[in-house]
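In the two complexes below, chain A is the common chain; its partner is chain B in one and chain C in the other.
Up next is the complex of A and B:
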């Protein structure tokens, strides 16, 4: 691979990831948002893949495949299982006197369990649960904020680029922009699933930055961090399930009991 | 003071005993989790969990004796222990002993009242043990990245513990806790990545060891690019600060600590916050070496004073005794930040004594609060007034815990607070010190008034009697005895604390 092609592909991947993040700000339908998340993970996996090919480092290609499976496939799939929200009958919980579920309750709304009671994605009865309710910040304002955050990312990441000007670090501002956009989504959305999408966007941005700056973190850290991420998403998935049982929906505006 | 050299300790020969003492805090709780998982939560498996906690405590003691002013490695340099590790292992072991012991009675009572089932008690037992193992890893790991993995692991392990009571409020608290802490800690990961970039660029990774090992980073600190390191340190401060309950991302703390079952609150307030804070002390060594002590000092002072102010204001007019204890923890974390900002040998030694004394005192208080909550089915001060008249022992334990927490002599928080104040004065931080003292005075008055109201206020006529069976009272009494003993003499600990202070203070 020539250096020019490597630079182009690397920047294309980082740019696509940023575009997907912007798309998540733009779309309020949860379904497309999850598909954008998957595309974002795939674009992220392209970064170590391209670097691995260019530098003939086989382990980076291996890491790229693992990232593709985790962030392009597994995590978006877990999130997508949360989208076709069904308002589970309250009797489900009260009759048995406890949550349906195993000891850890991890199987609530986690794939592979309880699928018998899950209707087809298109057959649920509450269309409002599949999209963001009226947003706290309007889409136009959000997109303007996105532009501002991207500019901010370029300003903040200047020391990174100056320290080691290379094709990879020149793409670092894009990764930082993805991180900031993830934070924006996380703070301005009210649906539980949207917050998870925001969190994963943030996390994808950090992973992209790690690949761009140092070709990733040491393997033991990479493995541990991936395991933590997977477990955290499983925890959040289980919590979303509980929330649906307790609150009859996943509008986080309902969470108002605890305050000073 | 840009030419500050970082304190460098020397490696000490590792003996099999020391290796065992480093691995036990990880493996003993894991074994406890397996035992509870296999046999369910009952008195015997509960005792196995207590045994795991005691093993951690003993390991901390062995490490304290072995490391001296140097450090030791185990498991192929993945684990590293120095005086700070020994102190934190002791704190984890001590608070965990009280909390797991208290869990036996707590879960018994909950089960007797139908608040929990055997399955949920088993989940609780497994997760508490995993929680202890992740905290031990966070203080023993020799790599900033692995520390991050462990600290995020504590969030995962405690999520369902906070939600153990399965009420709407506990679910809300769990959601906020998981999201805010995961995002905060994600910022810390970003900081770790940026620091790794600086470290790799300074040639640290090639020099042997990973580019994120503590010794490598400390040695490379003077060669790290200042601009990149500033960015990294700021992110690490915000990230671990979130997990340590420092403002501005402290909002999860009172919710999670008040909704979690009492023994878990004791662990979260008593050790988890300080474990997260310890990581900042490790970062401080690197930051001081690369940027001089001024940069992180400014950050710690800003966050610390903001935290003290917020906590003091929220303590005034607090109507819920568990939230009151939670905000008090936040107040103490703010004080730790001020102590770390001072950063002298004396201030750091006092900081670590403060961590231990606060951990013990807060455990006693949260465990007592748990019995109050079980008896009244409420955490409102108004519902539980007149504790001392209805249950003299419980009232006395709560009262002694409160006096210890308020920092009155002869308890250890008195000497640690004096030490922190002297350290801050030595570091010419008179202004911030005065601000901190004013906030602490407000908190002192608020806590005293609420405490007196709770203990001596007029009891409701139908208030339940608060008699404790001896087995239930035992962990509380042991905790009180430990608080008093620590106040009367720090004993051999004093040398350990001074050594740790010497390791962490900039030379």
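Up next is the complex of A and C:
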């Protein structure tokens, strides 16, 4: 593999990962978010794969395969099991339910989308489970925050890049941005599933940074960290199941106060 | 200034002026066919324009020169943009003086003229449409600039002709992450700027939802014809610009002869046609976005533009 192709592929993988993280901020539907998470894991796996091919190091390719199976397949699959499979008839754009109650709906040229598909009050909890409710920070503000965080990541990682300029370190700011975006998702979402997605995004960013800055993590370390992650997701899965049984929803805001 | 460049400029202005209503008609036709209607035919906008040009001009009571001048300002800036952008040729004589920022500014001059005219009529709908249009424009302009930065960083020039010429010389640049992000951002922006779905519904005449139509509600006859023609020119020029920034092959340069210019004309016409058909086809599947969610979409496209700048600036550093 030539150096130019290696650089391009590496940057493409890092850029794709960043784009998937941005998508996690943008979309509030949980189903597409999980698919984005899977794409993100695949992009992450491409980083050690490409560097392994470029430097002719077999164990990096092995690490890449392990990462692909775990973060591209297994973890997103586990998370997708947490999302209730209620098919909602309304498309994402039409926004039904979110503004249920505000009558002055400007979507008059889309007949039926506003009123007909609004969830019934008593069925309110179940459809709401498949998407993030009005987040603590509005989508527009989170997108602008994401822009600021990306710029911040590039600003603070400049010394790192100048320390050892190589194609891999040039992509490191993108991984740092993914970490910050993961933190943003983790702190601004209410649903347990969205928070898991934020947490996994954060961890994908950390792994990408490790792959880009060091010339590859030993297989044992990578496996250890990944098993920790798997355990954490399994614990959250169990917790979510318990929460749904106890409270009927997974809004973590419900846990802030003691109830009788 | 080369003779080929001047000829190309004349050619692209004439082609845009004549072809823009056909582009709009074609888009309506594609939409009609996909929705199962027969459609009015791709030449219908020209027939509408001819009909409106034959009608009497009416000045609403109380309107001033702002109202009378707006259609001409809009049409003039649209034609000027058509002369600047590298559509048929990259060697337009106006290209060195009008870079990306000039084009964005000219677009804004036309938009502001129309919003002022909307306010000038003193009707509720005119003011409402103007307020919405300005909201969208304020969110769109930064995205255009940022996405333009992303394209101009690798070329070291904000000159549109040079960006296009550099892309012709280095085709791999189109596939770079920065270019793709910038393309996505610019595509959203073109949709918002030309008032297409999901930002504005070009077919609606329902007062509560319309943006562009609300501003021009008081226009009749020749002035309405001028505004609709200018809006079509804007759409065509922006599509041509988008096409040539990312798929620049076939565009003529300073050394091209008659054949080169004709090839450039055919190439850009084909590209605009493909883009227009795709846009119309996608629109069939979209509903208009709530006005309050438009900032969300535009913030997203701004973020894509910013990511494009950061990737083109940081990843393109010699490594």
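In the analysis below, the second predicted complex is superposed on the first by the 215 of 260 C-alpha atoms of A that agree within 3 Å, B and C clash if a C-alpha of one lies under 4 Å from a C-alpha of the other, contacts with A are read in each partner's own complex, and residues count from 1 in each chain.
The rule is simple: contacts are C-beta pairs under 8 Å (C-beta built on N, C-alpha and C of every residue); 3 or more make two chains touch, one makes a residue touch a chain.
Keep in mind the model is a prediction, meaning the values are calculated, not measured.
A.B. asks: Considering only touches as defined above, state whether A:7 meets chain B (first), chain C (second), both or neither.
C.D. replies: A:7 sits against chain C, while chain B stays out of touch.
A.B. asks: State whether A:228 touches chain B only (first), chain C only (second), both chains, or neither.
C.D. replies: The first partner, chain B, only.
A.B. asks: For A:202, select first, second, both or neither according to whether it touches chain B, chain C, the two together, or no partner.
C.D. replies: After superposing on A, A:202 lies in contact with chain B but is clear of chain C.
A.B. asks: With the two complexes superposed on chain A, say which partner A:151 touches: chain B (first), chain C (second), both, or neither.
C.D. replies: Only chain C; A:151 stays clear of chain B.
A.B. asks: Report for A:18: first if it touches chain B alone, second if chain C alone, otherwise both or neither.
C.D. replies: It touches chain C, and chain B stays clear.
A.B. asks: Can A:218 be said to touch chain B (first), chain C (second), both, or neither?
C.D. replies: So A:218 only meets chain B here.
A.B. asks: Which of the two partners, first being chain B and second being chain C, lies in contact with A:166: first, second, both, or neither?
C.D. replies: It touches chain C, and chain B stays clear.
A.B. asks: Starting from the residues of chain A touching chain B, keep only those that also touch chain C in the other complex, and list them.
C.D. replies: Looking at chain A, the two contact sets intersect at 105.
A.B. asks: Applying the document's contact rule, which stretches of chain C touch chain A when the two form their complex?
C.D. replies: Listed in rising order, the residues are 172, 176-177, 181, 198, 201, 204, 206, 208-209, 286-293, 295-296, 299-300, 302-304, 306-307, 310-311, 314-315, 317-319.
A.B. asks: Show me the residue ranges of chain B that touch chain A in the complex, using the header's touch definition.
C.D. replies: 78, 117, 119-120, 122-123, 126, 143, 145-146, 148-149, 152-153, 155-156, 159-160, 163, 166, 168-169, 171-176, 178-179, 182-183, 186, 189-190, 192-194, 196-198, 200-201, 210-212, 225, 227-228, 230-231, 254-255, 258-259, 314
A.B. asks: List the residues on chain A that touch chain B in their complex, please.
C.D. replies: The touching residues are 98-99, 102-105, 156, 159-160, 162-164, 179, 183, 186, 192, 195, 199, 202-203, 206, 209-210, 213-214, 217-218, 220-221, 224-225, 227-228, 231-232, 235-236, 238-239, 242-243, 246-247, 252, 255-258, 260.
A.B. asks: In their shared complex, at which residues does chain A touch chain C?
C.D. replies: 7-8, 11-12, 14-16, 18-19, 22, 26, 91, 93-95, 105-110, 113, 138-140, 143-144, 146-147, 150-151, 154, 161, 165-167, 169-171, 173-174
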